[in-house]
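Here chain A shows up in two complexes: once beside chain B, once beside chain C.
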Partner chain A sequence: MEACPGGGQWLDAHYDPVACVNTFSSCVALADLSGDGENRLVVGDVGGSGGMKLKVFGGTALLSDSSLLDLPAGLAAFFMDLHEPRIPAVAVASGPSVYVYKNLRPYFKFTLPGSEVNVLEQDVWQQVREGHIDHVTLKEMLESIRKQADVPLSVRSLHFLSLDAAATDEFVQLHKQQPIRRQTVITCIATLKKSTADEDGVSCLVIGTESSDVYILDPEAFIILSKMSLPDAPSMMDVTGQFDVEFRITVACRNGNIYILRRDSDKPKYCIELSAHPVGLVRVGKNVVVGCMDESLQAFTQKGKKLWSVVLPAPVTTMASMDLPTRGFQAVLVGLANCEVHLYRDKNLLSTIKTPDAISSICFGRYGREDGTLIMTTKSGGLIVKILKRTAAFEDRDGAHGPPPAQSIRLNVPKKTKLYVDQTLRERDCGAAMHRAFQMDLSRLRLAATKAYVKALESSLTPMSSSLTEPLKMNAVVQGLGPSFKLTLNVQNTAACRPVMNLAISFLYDESLYRMRNPYMRIPLLVPGLVYPVETFVECTSDKGISDIIKVFVLHEGRSVPLLTAHINMPVSEGVTLN
Partner chain B sequence: MGLFDKLAGWLGLKKEVNVLCLGLDNSGKTTIINQLKPSNAQAQDIVPTIGFSIEKFKTSSLSFTVFDMSGQGRYRNLWEHYYKEGQAIIFVIDSADKLRMVVAKEELDTLLNHPDIKHRRVPILFFANKMDVRDALSSVKVSQLLCLENIKDKPWHICATDALKGEGLQEGVDWLQDQIKTMRT
Partner chain C sequence: MEVTMDPLFLAWSYFRRRKLQQCSDICTKILQDNPYDQAAWSLKTRALTEMVYIDEVEVDQEGIAEMMLDESSIAQVARPGTSLRLPGTSQGGGPTPAVRPVTQSGRPITGFVRPSTQSGRPGTMEQAIKTPRTASTARPVTSASGRFIRLGTVSVHESASMLTNPDGPFINLSRLNLAKYSQKPSLSRTLFEFIFHHENDVKNALDLAAQATEHAQFKDWWWKVQLGKCYYRLGLYREAEKQFRSALNHQAVVDTYLYLAKVYQRLDQPITALSLFKQGLDQFPGEVTLLTGIARIHEEMNNIASATEYYKDVLKQDNTHVEAIACIGSNHFYTDQPEIALRFYRRLLQMGVYNCQLYNNLGLCCFYAQQYDMTLSSFERAMALVSSDEEQADVWYNIGQVAVGIGDLALAYQCFKLALAFNNDHAEAYNNLAVLELRKGRIEQSKAFLQTAASLAPHMYEPHFNLSILYEKIGDLQNSYTAAQKSEDAFPEHVDTQQLLKQLRQHFAVL
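Take a look at the complex of A and B:
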């Protein structure tokens, strides 16, 4: 248990970095599975290191784990009957089926009805069975059917098309006798109270499928009560209301839109088009909060009106709602890729929880006997349990958002002067001419600058050498008040690795004004990168308080054209003026 | 005073002392108090306490009035209103609930830092209850997790108990009685 900065509202109850739970928020639920008032954590583990498992945690321990037949797509705990003791059943959606567990034992399996099969495909396989066509023809015909495809191919045909030529024979022999079936796959699952809003009321299962349908199942008989269709395959779902009264299903689909389904309509009522694909979907009260792939958190009303949007510091990994009815507190927990979990109430960031690893699933609710428990699993399979302090208070830290308070202070803007009015009138009247004049001056300025630059380059007047063999840089510093000055020249070889040799420095100055101790100096070998200070002393001989320019040349031995030239504006000798 | 005490003892009048019984919900406070009562006054069924209840029992020299506080989260803010009256505290811990040991510690820290308790030398008796449960932590482990060694300015004592059978309770109550007696004299 380590200290958690910024999470002063939470107690670190448990952290097991090697709990081996690889799951997502859709496969986690809290439920009182033993009916003793202590909630357990049910996890549909997608495996990774081990197999796919249904795990149950209680307190800090793993209470049970049982193998799952297929990869879990979603998990929900719900009451399916009114029998005492009130123990909820667990529904695990995997593949085309929902497996219902009661008392952690398999109880019922519901499989979605098969979809319609392509008639042509059926004919082709029929012919194969009768031995009329060989595998090459089969492959060609299936390919052509797939291209026309008003009804998509079955899984078997798609599998066949993906096989190598060598493996096709065995595959056909194995499968040709069975009839073709096309099964859709469940993508998400949720629960919907049937007729009462009670905490322990009987709930229906709501299932979203790959074939873009949403089914509502009767909890006792497991028959389809209602079927609704969407424009695209659903990926996340939130359900509220009661089946017999009025309900709303908010579905995030793979096409990046959110659709809102209502009772008495098998088509979506409203559509929210998002700027980026949704990663997490949470309902807070009557609003929908969506975390998107463009690192934003957006809120919409039930009717699809956008309320607010917040930019997040990192991509969203998962989301969950934090609902504390006893304190009237509702917020959204957002797991981020930078190993943080942010808590938002509306658009205000309330607190940040640092986690040792990126979070893959979040679940908030009653665990054990504690109402405000936050359970998170990490990407590496760790399990973190945090408990909300009884005394925790969340304050809106609304500092960064919205207009600053200074904005509402009225500035004392002075009245418009006559000059201002005149200028404005002039600008309005002859704006074009002013612009032209400005542009011409700008061009002239550019020309003058370019000319000066070319001249400097031609006469090596720059303090940077343009020669490729001796790339040098120099700057000069004059120190002192006068009449004696110290002149320091910092020479640097800017080449990558080649040293420069046989250089000298010479000065050109007015000999009636200045006297120099050594007007010609040899420079040692210059190692690349290092700065070599070359120092000399200059004495001003004039007492008239005037100054002049001293020109510095860096020369290569045996060449008359200087490599570098620098003009040093000497300061006025203050020592003389004082006299 | 000593003579008066003895006289009171002969007459069967015992010193009254107010004790607070605190701890998380489901830790066994009411069960412990029930066990300490005379067997003819014991209740058969223990239900979660709402708010608080006042119970009385006697030991060889003292007459205890126990404020049995409810441990449920929503009633825990009632505790602090009784700190002033309490001359001793019984703090009950569910040794089998490892997950909520941090919550117990948090509540204990809040208790110890409360102005009504902080500067008083109130004896605190800890009952590490539910020792009969299979995975229960030992009393040493419980005192480690609650950082009891940091309590320097108050006398405290921890007992491993099983309130269903009544094991360990008498030892704790004897200690409490001695502490209260030494406080008085």
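Take a look at the complex of A and C:
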């Protein structure tokens, strides 16, 4: 157990670093699947190494493992009827359907109703079927429909548009006979008690879809009881209340807003506009706590009033609520990317749990026969189970901090030496003379620098040219151990928008030492801002272990004065040519 | 009748006066008359050896093959403070890269250029073959001052083939009966040194040494050291270690300690090398070379504070030690006490070190210690003493720094451009020029210069950081972020980079 504060409140029950569970908080649930009073962990595994699976863990063992047809988007355990024994069903949302499992056997599949299809698109495909138009026209017409129409195209048309010209024919032959359907997919799923607030009361399924709708399903007949629409596609959802009485659905959408839906209207009642995209959404009592991408944790009332905001030390990976009704304790668990899990009650950090890896899903509840169990899965597929100690007590730490610790660190300022003091005395005494000497030297130096500069400019010694018509820059890289070297000249046009053309490169070198593959090269047109690497090979012909300078000139055609010059210090050739 | 001196005596006298060529000529004549004159033969081998002799302890530059194809390192990620290969494992409050420039391997530059301080250990093959490998092209910036004093005899390996006698080799190794010579202790030693240093034929030298040590019944420490040297040259470090250790058991010699420490450094065991030096110091208290060795290891492990302590110990023993003075001086310069650094560099000047680098350093120290009247004249002297284009570039670069300091940006611009004209790979000059161009509002040019600086010196954080700021200003946040990340890699503690990154992350997170 770590010595960190808060680490002492948890017992390490189980840690399997190679459990191969790749999942997210939305695909994890705890439920008593066999009716024996022991809760199991149900996980919709999104795969990764293996395939997509529905896994059930009991104790420390994997109890069952069945394949899923499609990537799970969400998972919920709920009571769908009043039969005894009270065994909950598991609903797995994937693609456009909800698969309901009872006793871990497939029981029912509910598919969302298809959406409205664009009439024009239907017409076009009808004409294709009758052979009136060819594929090229089809493609053009679909393109125009895609641009103009307010009803989006079906998946089939979109797929067709993305195909190469060669593959279109086959695709059309294969699919033209089938009618067009437009199917949305499920993005999130939750449960809502039907009429009683009991723990084992019958629940409805609440489904959020890509088409920005929220459906409420009847648990027995699987008919849509209610449909509500949102301004954008929902990504996370939290539901409270009963369907027959009053309920509230808090939905975080992809546009970065949170909407609150109520029983009486099919439009959102309140809207919370966040400063950054939400990563996790948890309801605590009547408030909503949201973890955002800007490394903050924010709380809002049901009506959208902001209560508080805390800055976190790292990005949020996942969130869950920690609810212990027996102790009347409610808090938020926040999984962070720096391998920590923080427990917050209101804005106070209660405890920190260190994990061996960043966690990807987190879930707190009854597991086995233990009420306070924390189950986490890590990014690398590990499974961690921790149990809350019965004696654990969480105390709000004082939120107010003293001065930051950096304030008491002394800066390492070197002491003023006696020498320094002496020098300042000298400065004070003969300041004027020093100044005069400096100014005189400075003028001389300026002159010398300007002379050297003019000389460098006149003979274009610099590796960059600042002329207005051809602002160029070049640097050379030598690679190799010898005797063969590769010479790469990176030429760049530094003008804002004007290209440079008609340039050539030539070299000046000691022919007794080096042999160059092509000592004269034409440079293509130089587009501004891009680096053009020009490569050639140099062979060192001497075995004396000496090296020389190779000069590179960039020339403009028809002018003898080079635009710029680069000097390459050739390395000593370390390789010896085999005889 | 003219009395002629005995030619052998004359040759011996020439040898002692280090007129080696004359000595060798006379010996050649004696040998023509009497090919079996062992004294003349031995003297000639010694003379020829002395011509190309270099101190094995000092000159040691790892080749690319040794650096990249290293088999002796076991743990890929060493614990901090136990390896020479890990840059940035600073333990003792050294100055940050913001104050003291770093070399390509991420260590603060030293005040004294040694073969091993030049380029460090490149991370990738790409970097390794791009790194300039000649002593004059690796840029030690300007604090080089003692290079010419110690590395006077350069050419290491290639020299043997260039300096052999025009009319056939003096000794034909392939026809030499090594077994015979190994029996004669008076001849075998000079012959060994000749083979090792002059002919550079380590294999034959090893054969000779092995037979000689056998003849000496494994009791002669000298032959064991020579064996160790041969093994070291051949890259058999563990065998070399065994020989040196065994030699130390017979006789403690400073040289042997130094060789053994060199083996440990090559094996990347600086801690063992340090403890070995300490053992050596117990035997030879106050030995300068051992103290210097300790200081160098501390310096290479980024522990500048204790390195300086040891250099001070060196100076207590030998107050004319150039390396120690230069290193302490540069350390004072970079820890914000230029007036003390000035004292040290003046001491070097008094000792007769008279080169461009020293005046360069003096000029900078004068400027930062506010002794303005001597600043520019120092640079003028440095300019007059320039011996290569790189030095010229460094002088212009430093004048450019002074010009920036006094606010004369036009002069600074010219100076940086001149620095680039003399040394096209001067990344610092590119960086500073880019900043000046940016102030003039020429964004394209500035960007191009910064990109060049970043590609020339990926270990410097400044070009990356400047590029990041530039991109951020023109609204290219993605590129800004990438550049800031590179800057963070080069200098993780840089606060401004951290702030910029934080700001950018916020930008990305906000809706």
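To be clear about the criterion, the second predicted complex is superposed on the first by the 392 of 579 C-alpha atoms of A that agree within 3 Å, B and C clash if a C-alpha of one lies under 4 Å from a C-alpha of the other, contacts with A are read in each partner's own complex, and residues count from 1 in each chain.
Basically, contacts are C-beta pairs under 8 Å (C-beta built on N, C-alpha and C of every residue); 3 or more make two chains touch, one makes a residue touch a chain.
This is a predicted model, so every value here is computed, not measured.
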| task | Determine, under the contact definition given at the top, whether A:71 touches first (chain B), second (chain C), both, or neither. | result | neither
| field | Partner chain(s) touched by A:528 [first = chain B, second = chain C, both, neither] | value | second
| query | When the two structures are overlaid on chain A, which partner does A:475 contact: first (chain B), second (chain C), both, or neither? | reply | second
| task | Have a look at where A:391 lands relative to chain B and chain C in the superposition and call it first, second, both or neither. | result | first
| In the superposed arrangement, which partner chain does A:133 touch: chain B (first), chain C (second), both, or neither? | neither
| task | Check the residue A:339 against both partner chains and state whether it touches chain B (first), chain C (second), both, or neither. | result | neither
| Counting only touches as set out at the top, which of chain B and chain C does A:292 meet: first, second, both, neither? | second
| Does the superposition put A:13 against chain B (first), chain C (second), both, or neither? | first
| field | Common interface residues of chain A - those touching chain B in one complex and chain C in the other | value | none
| Residue ranges of chain A in contact with chain B within the complex | 1, 11-14, 59-61, 326, 367-371, 385, 387, 389-391
| field | Of chain A, residues touching chain C in the complex | value | 256, 274-277, 292-295, 412-414, 417, 419-420, 423-424, 426-427, 433-435, 437-438, 441-442, 444-446, 448-450, 452-453, 456, 461-464, 471, 473, 475-481, 490, 492, 494-496, 528-529, 531, 543-545, 547, 549, 565-569, 571-572, 574
| task | Show which residues of chain B lie in contact with chain A when the two form their complex. | result | 24-26, 73-74, 76-77, 97-103, 106-107, 110, 135
| remark: Listed in rising order, the residues of chain C that touch chain A in the complex are 63-64, 93, 126, 129-130, 132-134, 136-137, 155, 157-158, 161-162, 335-337, 339-340, 343, 369-373, 375-377, 379-380, 383, 389-390, 396, 399, 406, 408, 411, 414-415, 417-418, 420-425, 444-445, 447-449, 451-452, 455-456, 505-506, 509-511
